[in-house]
Each structure stands twice: as C-alpha cells, then as structure tokens.
Amino acid sequence: MSPLSRALSFTRREVLRLLAVTPLFSVAYRGGIAMAEDTAAPRPLAYRGEHQVKPLPFDPAKLTGLSEKLITSHHQNNYGGAVKRLNLIEQQLGGLPKDAAPYQMGSLKREELIARNSMVLHEAYFGNLGGHGSATGTFAELAKAAYGSLETWEAEFRLTGQSLAGGSGWVIVVYDPDSKSLHNAWAFDHTHGVAGGAPVLVMDMYEHSYHMDYGANAKSYVDAFFQNIHWDEVNRRLARLRVA
Amino acid sequence: MSPLSRALSFTRREVLRLLAVTPLFSVAYRGGIAMAEDTAAPRPLAYRGEHQVKPLPFDPAKLTGLSEKLITSHHQNNYGGAVKRLNLIEQQLGGLPKDAAPYQMGSLKREELIARNSMVLHEAYFGNLGGHGSATGTFAELAKAAYGSLETWEAEFRLTGQSLAGGSGWVIVVYDPDSKSLHNAWAFDHTHGVAGGAPVLVMDMYEHSYHMDYGANAKSYVDAFFQNIHWDEVNRRLARLRVA
Amino acid sequence: MSPLSRALSFTRREVLRLLAVTPLFSVAYRGGIAMAEDTAAPRPLAYRGEHQVKPLPFDPAKLTGLSEKLITSHHQNNYGGAVKRLNLIEQQLGGLPKDAAPYQMGSLKREELIARNSMVLHEAYFGNLGGHGSATGTFAELAKAAYGSLETWEAEFRLTGQSLAGGSGWVIVVYDPDSKSLHNAWAFDHTHGVAGGAPVLVMDMYEHSYHMDYGANAKSYVDAFFQNIHWDEVNRRLARLRVA
Amino acid sequence: MSPLSRALSFTRREVLRLLAVTPLFSVAYRGGIAMAEDTAAPRPLAYRGEHQVKPLPFDPAKLTGLSEKLITSHHQNNYGGAVKRLNLIEQQLGGLPKDAAPYQMGSLKREELIARNSMVLHEAYFGNLGGHGSATGTFAELAKAAYGSLETWEAEFRLTGQSLAGGSGWVIVVYDPDSKSLHNAWAFDHTHGVAGGAPVLVMDMYEHSYHMDYGANAKSYVDAFFQNIHWDEVNRRLARLRVA
C-alpha cells in the first residue's frame, strides 16, 4: 500500500468509530430524518466523501531550495490529511438529522470549509510549483495593470506573506471576473477567501511549508517559492477562466 | 446631495485626517518608497479606491416581510459604509512604504478583505432579492444533483443560517467550477469564503439584516428571505458562469 | 413557566434529538469509551451542563436610552440562548468517545468557547449596567495610570467600539494582574480574549445590543451605554481581584 | 550584543520607518490630537512599548525530546518577535489620532491582542516546561474534581491538541475563579481566550513548536510536552491565584 493510498483509506476501526460518534446512514433513524435520508440510494454528491488525493505534478527531488523531505511530508500529511478529513466530514454532514441543533450544523460546515479550502488551495499550491523564471504572459500583463508594475505587485505579495510568518495562512492572487483584474488576498487560515475570486497563484504560509528547511526564516522560504513558480500553469489557469 | 453620494464622498476633514494617519501619496517620501511610488502618475487600479455604491435593484417598499426601513438602512449604512471604507483602505495600501513592518501590511490586507467581501456579498445579496416563487431552472437542477433533492439543499441552507443567528455571517451557495456543482458555504463573518467558488445565492445573517423587523427571531427572517429570492437572477449568474 | 425557565429547560423532543445526534451517556457504549465513561456516576463538573440563567440585576424599564424591549430580548434570547447551548455542548463533550476524530473534539471545544464566553461576558455586561455618573474610585485611578488620563482611556475604548459597529464583538476592559494595570481589549466575536485578563468593564457590540433602539447608529448606543455604567459594581470587581 | 537584546532593540532604520508609517509622538500634531497627546510627558503605560524578553527559565539543552535548536529558535524568533512587535504596536497606538477612522483603531487593537497574547502565552509555556513526572498537588486535585479523573482531563487536553495539529493554536488549562475549577480551553490562534480564565498550564500547538524535531508528527510532540511539564510551577501559579 503506497503512502498515498494509506492516507486516503479508512481503517475498519475508523469507520466504526465514526459510526459511533454520529448517526451516519445506517443509524439515521435514531434522530429523525437525516440530511441524506434514503439509506438505500447512493449518497448525493455533497455527502459522498470520495475526494481523491492528487499526486504531486512534479518531481519533489527537483525543486530549488525546497527539500524532497519537506515537500513530500507537506503533500502527504497536510494535503492528504485534509482530503481524508473532508471525506469524513461530508459523510457526517449527510447523517446529521434535519432537526439537529443549529450549532452542530454550523460547526460541521466550518470544519468542511477548513478541509475543503485546505484541499483546494494545496492542489493549487503544488500545481503552481515546479517551474522557474519570471512572471510572463497574461499574468504579467494583468499584475502590471492592477498594481502599476510587477515590482509593486511582488512587493505587496511578499510583505503580505511576511505578515503571516510564524503562524498560518496563505497569500492568494485571485482573478476577479467583475473588475477583470488580479488581486493579492490575505488569508490568516484555511477559512479565508475572496468572494468570487478565482485563485491563480497560491503561496502556502503555514509553518509546515518551510520549518523543516528554513526554521523560522520565512523570508528565505518566500525567496525559494519565487524560484519555483510554474508561470505556464498560472497562465493556463487564467486561460481556463477565459481571460484573454 | 443624496444619501448615497453622501455615503461615498469624503469630507475635507476626512481626507486631511487620513493624510495625517498614514503616508498617502503626498507624504510617501517620508517613509521610503511607497507601494504606489509615482505620485504624479494616476494611482493603479489596486490602490485607486473609487468603488461606487450600486443602487438597490428593486423597490425597497415592495419586498414581502422585509420593511423598507430595514432594507434602506442595510443598503445605505452597512453596504454603503463598506464601499466607503474599502476606498479608504485601498488608498492607504497604496501609501504604505515597501519596507513597512509586515503586520501593517497584514492588518490592512485583512481590513481590505473584510470591506471587499462585504461589498461583493451585499451586492450579490441585494441582487438576489426582489423575486418570489420556488427554485427553478439550472439552480434547481444543480441543487438536486448535489444534495439529492431541493428539500435537502434547503434544509442544510436553512440550518446553516440558523447556526449564525444572534451573531454575524453569511450563507452562500457557490458554484464550484471543478466539480461543476453547487455547494452551501458557511461564513462566520465577512472574511470567510470558499476558494474558487462563485457566489450564486447569498443570504446575509448579520443581525442588521433582520433585527429591526424581527428582533432575535432569525427563523422568521429566513422565511422572509426565501419569499423574496429572485430565482431568475440566480439563474442568470449561473449562465454568466457558462453553466448550461 | 417564566420565559427564563423556558429558555433554560429542555423539551423532551430536544433531549431525544440530542441523544440521537451524539452519543451521550446512555449511548456511550456505542463508541468506545466516552470522556465521561461511568454512566452510573454523576457527570463530572466539566460535562454537567447545568449552568443557570442569572436574572437581570436591574429593572430593565429604568435604563437611560436603552429600551425595556431591547434589554429583555437581549437577556432572554442572546444570553439565555448561550447558557442553554453551553449546557448541551458540555453534555455532548462528555459523550464524545476518547478516540473520536480530533476535529470533532476541536469543533466542540470551539462551540464551548463561544457559548461560555458569551455567557460570562453577557453576565458581566448586564452586571455593569444599571448605574450612572462618571468613572470613580479604583477604576478611575487605574485608567488614568494606564492611559495618562480618563479622556484618553475613554477615547480608545469608544473608538474600538466604533470599529465593531455593523458587526459583532465586545470591548472589554481587563485587569492584568502581572502589570497591575487596566487594558482595553478588542474582541471581534465571542472567542477573543486577553490571556490572563479579568474583565472589569464590558460593552457588548453585537448588533442585538442596539439595533432595535438605534438601528445602525452604533455611536448613539455607545453614548447610551456610558450613561448606564454601574461604576460601583466595576469597582467591586476590582476589589474582588484584591486590587487596592 | 546577545541574540536576545538584538531581538528587542530597534535599529535606527526601523525607528525611522515606523515614524514614517504612522504619526508617533513627534509627528502627532499632523493628525489632530493623538491618543497620547502630550509629547513632552513620558508616554503612559498603555503606549509605552517597553516590554522585555524574559530569558528561558531552564537550560534548553536539557529537555526530554525537545531539541535545544527548536527551543532556542522558538524562544528567540517566535516569542522574542512577539515582544518586539507588541512594543511597536503600543507606540503606534499612542500616536493614533483620536479622530482616526475606526477600522484603524480596530486593526491595531487586533494586532495588539495577537502580539500580547503571544507574549503572555509563550511566557507561560516556557514557564511550565523544564520539569518531569506526573500531575501533582492542587492541579491534580482540581483536574480530578472538574473531569472526574486525571485520565479524562488528559484525554480531552490531548485530543484538543491533536485537533490543532498541522496549523496553529494553543491548549490552555485555565483556572476559573467563578466556579473555582479548571477548564481545558481551545485556541485556534493567539487571539482566542477564555473570558476571566487565568492560564495555569499552556501547550503551544503552532507548528514552530515541533516541526524542526517532529515534522508533521504532532502526536509525538504532545508526548514530549507531557514529559517536560513543570508541575511545581503549575501549582505555584494556582497558589498565586490563592487557590488552596
């Protein structure tokens, strides 16, 4: 069994424990009607819990200034753990009775947001690593249009990253379809996000992104991040968003 | 001067105060190079601070169960205040020296996220009010596809709303382009959002959305909200996202 | 049955629903060993869930500029609701299996923090209302010692309050035993608090504290709050903390 | 110059930069009346910004399972950085004009809360390391009184810690003077705290507490933490709180 499949599969004990903690489908009758009431039917998409870990899109031994050990642990434990947790949460949501106490729904939806954004942002993060060079193409044009110059865009992006050093968070360049422009967004943890913004360049600032290699020296990590940006992928994302 | 223009225009005193508080363009020389360094050039988009309050897209006297007084105050004070604040923050960001202490950038970017999401979500909220009837068209199909039935989608949406009663937050149905599906998202305040999700149906749960009319009775407010959803606009949003 | 007892008592349906949602004591055997494992023994204090709503310490019809309707609803719905919720959460915590998924413990502990702080802060808030006049005694001396003058203390307190207008939060003057001084603390919602600080003067800035009376005009609410501070009680709190 | 004094002292460039960013005392006249208006008088305590880094109360080379490199970096960079930042923030608060935009006060007070709690909790954390053995004395009695058994207290404490693995936060045992009992508190980041609770045992769960030694294996870090708890100091804290 590969580390990845291990990260995703549930042990029999885990499943039994989960069934014990919350009424899943099999025990839904105990608490009025559950969200996903028909236990014979396949669970609907929202409660399916079958997200899969995507493999790294690059050789983790070949980044500049970010070690294989760091990247592999980050991918397996932090990203893989989020996917696994999201699957549990979705199934637990499906088993929640429709007349549950509101805080039970609220806290599960918060956990879902944490796990889901962690999954999505980690995929975007690993997806925009594995390259090199300077910003090019559509991204470079849009960053210049929004910030006056690439230098100013980068200065704001880096300083926002520095403000998260020693803690958690993300710096996310989103494309905003309304203003048709790029925007640097601050996230203090997985829950934060720009309403309607599509992430096109993502930098993880959780300490698990750099501590093994750089200790508390977040600045050197940000330098290393910039050396590995896959600008072609960033521009492909913009193209998928139908940005000329 | 209409209340709306008043909400947006700055008094001379406000501008002077702001200049005093932070180095804007005119005083940028005092603190090294500012983000937007060239004080002669027009400010770049990211630091322009010229967002405009959009008028209500419906007659506030004609909603069902939501009073004109409530809607008008909500639009003018809470939405209008966010737009005005966002404009100040963007200009302040432009004046921040490139070598500012990181926490100064971080806290301004957080304020920007709060004001920006408040603006965007309020526009989406008012935009999806002014209608009536039941969910139709693409939205109804997608909600059924994601949650098994419209009833289950609505039960989760309402219970998430109830979990925010007595405080702040939003319930946001986002369209996720990766899974091509709808998803109910919980937001405890303006900062929370689904990475990559586009808001298609938005319910404000801040107490300013209902206290004047319903006091602490958030449940009746949610009932009233459902009576005023503008499903055609919701489906237009999906169409703009090129969802079939 | 008085409104207060009603706010605190559980209906049979509520208890059944809770039992269905999570393994409480009676069903703890289903999920390995629960936190409070011995279902015959009385539940330990941490999982007892028997907090009682304290009545208002003043006549709600007699405040200056804060209506009886507002105060009564605030006390009954927002404070009373928090006490009731805290009791449910504590019992649910007691039923959580010792080998539950960590996020299940984390999200319940967060809900506990929200409900507990809401209870404690609301009690402190109502407790420091019902008076009038200006700051006196130990509080006045300590505020002057910390901020240079009462005016400066009040200016910072009020401006912090204004920053929370239109949303949620608290302004809390805490006594810090280490520096033997007072400190104005910002709280964006119920979860925030100064480590080691004891609240001596508490102002609720959730919109339910003023919307019924003042709509979005938080400034007038803060004015009204200042007209009703019970400075003797504030000084008694300092005395209980053994501050000379 | 020792690393500690270096961490605390400001360079001439930093001071000049700060002066440029915000009106401190010397430039307060530019923005109406500042919080601390009299620039000739010594700054009041709240705006003094003279907190000092406390040295480690134990030999960092002698903990069990926590390396000297990890502890020294944690103390110097994360704790020392917070003290230095708090000093800057307090002075910046003192220079804020009394008629500043409310969000400017709010965001500075938030930064102050982050830095202050980080300082206080780190001091409590390092202060309760350097020991060994099992819980004894008053702590053991109170934990048993609150949770039924030491095992249950520890199970909840550890599982709450596990829920924070891969991110940020603290687990804090507070003494609550009202109920005269101990309580495990969850904190997702530096801002969270129990209203009125005094920290008596503090475990840092930020990834900088363990990543250098354990990578993503937070469970082993929690094991190591338990091997180093200084129970005598924990009981001294309870004694200072006049708990019998």
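Should a chain be cited, it is by its letter among A, B, C and D, assigned in written order, with residues numbered from 1 in that chain.
Following the convention adopted for this analysis, a residue touches a chain if its C-beta (ideal position, glycine included) is under 8 Å from a C-beta of that chain, and two chains touch if they have at least 3 such contacts.
The structure displayed is predicted, hence computed values, not measured ones.
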Find out how few touching-chain steps suffice to connect chain B with chain D.
1
Roughly how far is chain C from chain D, centre to centre by C-alpha average, rounded to an integer in Å?
23
Could you state the distance in Å from the CA-based centre of chain B to that of chain C?
28
Whole-angstrom distance, CA centroid of chain A to CA centroid of chain C, is 34
Two or more partner chains touched - positions in chain A
100, 103-104, 106-107, 110, 188
Category of the chain touch graph - line, ring, star, complete, other:
complete
Chain C residues touching chain B - in the complex, by the definition given at the top
69, 73, 77-78, 81, 166-168, 188-190, 206-208, 211-212, 215-216
Okay, in this complex, where on chain A does chain C touch?
14, 17-18, 20-23, 30-32, 85, 88-89, 96-97, 99-101, 103-104, 106-108, 110-111, 115
Given the complex with chain A, which residues does chain B contribute to the contact?
35-38, 41, 43-47, 93, 98, 100, 102-107, 109-110, 112-113, 116-117, 120-121, 124, 145-148, 152, 155-156, 159-160, 162-165, 172, 177-179, 181, 183-186, 188, 191-199
